[in-house]
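Two complexes come next, and they have one chain in common, chain A, joined by chain B in the first and chain C in the second.
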Partner chain A sequence: MKLQNHRLTFGLIIALALFPFALSWLTGEPIDSGTPKFWQGMLAQVFILAVYAVSYDLLMGYTGILSFGHALFFGAGGYTAGILLKHAAWPLWAVVLAVIVVAVILGLFIGATSLRVQGVYLTMVTLAFAQMMFVLSEATDFREWTGAEDGLQGIPVPAWLSPTQQRLMFYFVSLAFCVFSYYLVRRVTQSPTGRVFIAIRENELRARAIGYNTFLYKLLAMVASGVLAALAGMMNALWNLNANPNMLATSTTINALLMTIIGGAGTLSGPMIGAAFIHLLGYGLNTAFGPRWPLLFGLAYVGIVLFLPYGFVGAWRSLIARMKAKRA
Partner chain B sequence: MPISRYREVGKICTHMTNILETVALTRDFGAFRAVDGVNLQVRQGSLHSLIGPNGAGKTTLFNCISAVLKPTAGRVRYDGRDITNMPLHRMTGLGIGRSFQITNIFNNISVIENVRLAAQARYPKQSYQFWRHADDLPEYEARAAQALAMVGLAGRERQIAALLPHGDKRKLELAILLAGDPKLLLLDEPTAGMATEQVPELMETIERIRADGNRTILLVEHNMHVVMRFSDRISVLHQGRILAEGKPDEIRSNDEVQRAYLGGGF
Partner chain C sequence: MTQIFRMWMAKQRATVVTLLIVALAVMALFARFEAKVAVSVLLSGLTLGAIYFLVSSGLSLIFGLMDVLNFAHGLLFMAGAYLGYAFYASGFGQALDSNLRFAIAILVGGASGALLGAIMEWALIRPLYKRPIYQVLLTLGLTFVGTEIIKAIWGTIGYFMNIPAFFNANTPNCPSPSLFDFLSDHCSSILILGRPFPSYRLFVILFGVLAFAGMMILLQKTRIGIIIRAGVQDAEMVQALGVNVRRVFTGVFALGTGLAGMGGVIAAPIIGVNLAMGQEFLLQGFIAVVIGGMGSLVGATAGALLLGLARAIGDQLVLGGLQLPWMEQAISLSLSIARASTVLIMALVLLLRPSGLFGKKD
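Here is the complex of A and B:
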């Protein structure tokens, strides 16, 4: 069972690595233009969103913390990277470090203030923080630095990673980013610490009563998921060559929630599938139906929640279990 | 006298002293005083029962002792130290284990993982090792399996806890406690909701747990036959106050207790 899972993961990674070449061969177009280039871009965005979804799954699916402020980390990563690249001309490695440091500080601060309360109060406190950042990003006082409501345009991405000039490179960097993040979070969730996260999700009072300082564990989950979300936000800004207030909007948090629930919370692979589903279905519906697509998407979402309450992965697992039971 | 001899004297002394002591412990809910100046002494190694009608304040008293609730006033002393207002997660480290009147387990994970988590909790530093695989620390799982066998749940390890029958969930509660290797167990109606014929078996398990580890047990229990048979001492709580305290015989023959609680049946 375990080996089989690994085989599936490795197979998928290899298939994704070969995908640009296969598509170029199939369409007869060069790998750095036309259809192959377009789909490399689509998938690179999926990889970035998948990391964002996984980061939310660590917080919500594993630790049971329903934060409505996750966009704050995504946006903070985007703006930190954008400002340092554009206004300070920092090298990329230093920008990555800065994004991590900013996310750790934000995670500690927001965690220390919001994790003392529970349930809907925590949700409201995190939402308030994200809204504050959203307002700040639109503030005209900092237009020079942030571009206010227009966003920070024209982020100078290093030439070797340019999403427009070096699309294939960007594709592989995004893929590596996604694989690495998945591996990291998977390890954490299977570690002694990750088991405590799950215990907190299941019954926080009991976890405390058997001796875990649950506040510290929740803080750890918040910081770790914040760092990943911020890195995903940074990648998103590099892809778009801009950072804009929309990255900090509540809809961006809800997007994480949707991807996680559609795919199956607490499964890691589920939210990644959810990210692919939302991004690709969104594209498909948009091409087919134009600007009315969110309406159709809403209907699809309601259908999934009604008929697959544990998401794609949950449905898949219960199907397997039922088939096994039938055979036995 | 060599130092070691002093230690020995000390040991003998603690043997006869109280492992747990509350001093004028009080807890209010708004204007209502649920626990009212309780002075309770629990002797090292004893099985001490706390009885009293519903609403007497037994669970609230437990909550104040085990740091689930902060007392409004009064102190809690355990093993010679003042533990009033200590955070809940420090209790296991001190050797205090607590079970709950309403089943309180990790529902959607396996039975063994429920207990393994409690075994792992005794080593907080190891629990922060986020780069190691939990399965690389097999000693916790071994300890958990041992605890499950002790309460009679061997063979149920891989089941999801929520799907256990009620009686087995109560046993699982005990196993979770046991995995933390407590010196003092606070058991709040461990037999609540169990079929009558299962009660003696569980009580015998509790007795075994006490005897094996030289542990002390403070027990809330409604079944009077069980209480009279197993207790070394009994405290009767009524409207937040200790009404009487003594050996089972003394409690049985206490008129005041008869009137307030036992209704003349014993």
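Here is the complex of A and C:
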């Protein structure tokens, strides 16, 4: 079973790596224009969103911390990258480091304050922090740096990574980013630390009784997931060539929730499938129904919360288990 | 004697702390500004506090009784405002004079909030009492859906709701020199210590006080109130005593969301009707509830008042330019800074007292 999963993952990665070439061969169009270029872009966005969703799942699905402020990290990554690239003209490697540092600091601050309370209090506090950042991103006081409500436009992305000129390069970089994050989170969740995360989710009191300092572990989960989300936000800003207040809005947090819940919380593949599902379906619905498609999404989300609490992956697993039980 | 005093202090610590904070803020305000400016800032704070109270009281009661954190509360506030406005501006409503129309609009907002809330509790939240986290996820999703529906019906542009004629006269002898004169001339503002203050805002304060008094009477003096307070303590026990707690749940949910819906209409002539208001007031409601402590009406009220005062003082400081001792020149800031700083107040309260001022330690 385990080996099969490994093979499946590797097969999928190779398929995704070959995808641009296959599509170019199938359509007969050159690889850097037309349909192949468009679908490279679509999938690059899916990869970025997948990392964002997985980072949320590390917090919610694995550690059981329901934060409603995840957009804060996503937006912070985008804005940090944008401001440093545009106003300070830092090289990209330094920007990546800076994004990580900013995310660690934010994660420590927000974790240290919000993790003092539990359950619904935590959701309120994290939502309030995210909303504060959203308000600040729109504040006219910082227009010079953030562009206020217009957002930070025209971020100068290094020429070799330009999503418009070097689309294939961007595709591979975001694929590598996604694969790297996947393996990183897998390592974390399968490590002893990850086991403590799961123990906290299942029963925090018991985890503390065994002797773990659960506060530190929760803080670690928050920082780790914050860093990943910030990196995803940075990639998103590079892709869009801008960072805007919308990245910090509650809808961005809801997006993370949606992807995680639809795919299946507490699994690694779930949020990634959810990200692909939502982005591609969103594109399809957008072309079919125009601007009303978020309504359909919301209704689908409510339906899933009510009837499919463990998402696609959860439903699939219980289906398999039921089939096996029937056969036995 | 000292023993009694100490016991009283221990019991009333939250009240004393709240009053102390308010007194300090008021003193600082009077030290910094002229008396007439300080008074109008205080009244603005009370106005905001009254609106926050209409949101936070429902949030707090619903959470206290059934452990549901209603993320759709802001949505119902907004839905009340939109529906109240729709009635107020509709052709049918135009036949009536604006005061009656406004009174009915408040009722429309309250009724639609209560009805939507009751349906929501009955149809969607009830199946999820066994899965608490999913209630939060659901109400957040409902906010998303509801906002999209409002956007589909009324579009993305905001609307401005006119102040009813009772508070909107503009004659040469306006602003009214006193509250007594206002009753005959209905000016849009009243002179308070020689500085005009919008009369509609005084009405908002009055409405908030009446709503608070009504809630207190309901909770403390009626049979239903006894059941609700007992339910906050232990809902299962009340059920065991033969009360249909589920029905009380639906009723309290409707009461809370109805207050929010009314609040939306009350706030509309001040802030307008727009798609951002739900989110904004939900957040302020949360902050008020976190400051005051969940599950207590007095806590929700204290939180709302403190928050309203903080916002009003913050806005005044920001607009007048902020000058700290080491600065050569006052720096001028936008209102967003004052809006954002309320979150920091909440963070401060949480650090000092995680269960809020009036909350019980769990």
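Simple rule for what comes next: the second predicted complex is superposed on the first by the 322 of 328 C-alpha atoms of A that agree within 3 Å, B and C clash if a C-alpha of one lies under 4 Å from a C-alpha of the other, contacts with A are read in each partner's own complex, and residues count from 1 in each chain.
Going forward, a residue touches a chain if its C-beta (ideal position, glycine included) is under 8 Å from a C-beta of that chain, and two chains touch if they have at least 3 such contacts.
Fair warning: this is a prediction, and the values are worked out from it, not measured in the lab.
Engineer: Put the two structures on top of each other at chain A: do chain B and chain C fit, or clash?
Structural biologist: The answer is fit.
Engineer: Looking at chain A, does chain B or chain C touch a larger number of its residues?
Structural biologist: C
Engineer: With the two structures laid over each other on chain A, which partner does A:Arg187 touch: chain B (first), chain C (second), both, or neither?
Structural biologist: First partner only.
Engineer: Considering only the touch criterion stated at the top, classify A:Phe68 as touching first (chain B), second (chain C), both, or neither.
Structural biologist: In the superposition, A:Phe68 contacts chain C only.
Engineer: Output check: A:Val196 vs chain B and chain C. Expected answer is one of first, second, both, neither. What do you get?
Structural biologist: In the superposed model, A:Val196 contacts chain B only, not chain C.
Engineer: Go through the superposed model and pick first if A:Arg206 touches only chain B, second if only chain C, both, or neither.
Structural biologist: Only chain B; A:Arg206 stays clear of chain C.
Engineer: Is A:Thr287 touching anything from chain B or chain C once the two structures are fitted on A? First, second, both or neither.
Structural biologist: neither
Engineer: Mind working out whether A:Tyr301 is in touch with chain B, chain C, both or neither, as first, second, both or neither?
Structural biologist: Once the two structures are laid over each other on A, A:Tyr301 reaches chain C alone.
Engineer: A:Thr113 contacts which: chain B (first), chain C (second), both, neither?
Structural biologist: second
Engineer: What does the superposition give for the shortest Cα distance from chain B to chain C, in Å?
Structural biologist: Superposition on chain A places chain B and chain C at a least C-alpha distance of 9 Å.
Engineer: Which of the residues in chain B end up touching chain A in this complex?
Structural biologist: Answer in residue numbers: 66, 68, 87-93, 98, 100, 104-109, 113, 116-118, 120-122, 124, 126-135, 137, 176, 180.
Engineer: For the complex, give me every residue of chain A touching chain C.
Structural biologist: 66, 68, 113-114, 116-117, 119-121, 123-125, 127-129, 131-132, 135-136, 138-141, 250-251, 254, 257, 261, 292, 294-295, 297-299, 301-302, 305-306, 309
Engineer: Hey, which residues of chain A end up touching chain B in the complex?
Structural biologist: 187-188, 190-196, 198-199, 202-203, 205-214, 220
Engineer: Spell out the residues on chain C that touch chain A in their complex, using ranges where they run on.
Structural biologist: Touching chain A from chain C are residues 63, 69, 124, 127-128, 131-134, 136-138, 140-142, 144-145, 148-149, 152, 279, 283, 286-287, 289-290, 294, 333-334, 336-337, 339-340, 343-344, 346-347, 350-351, 354.
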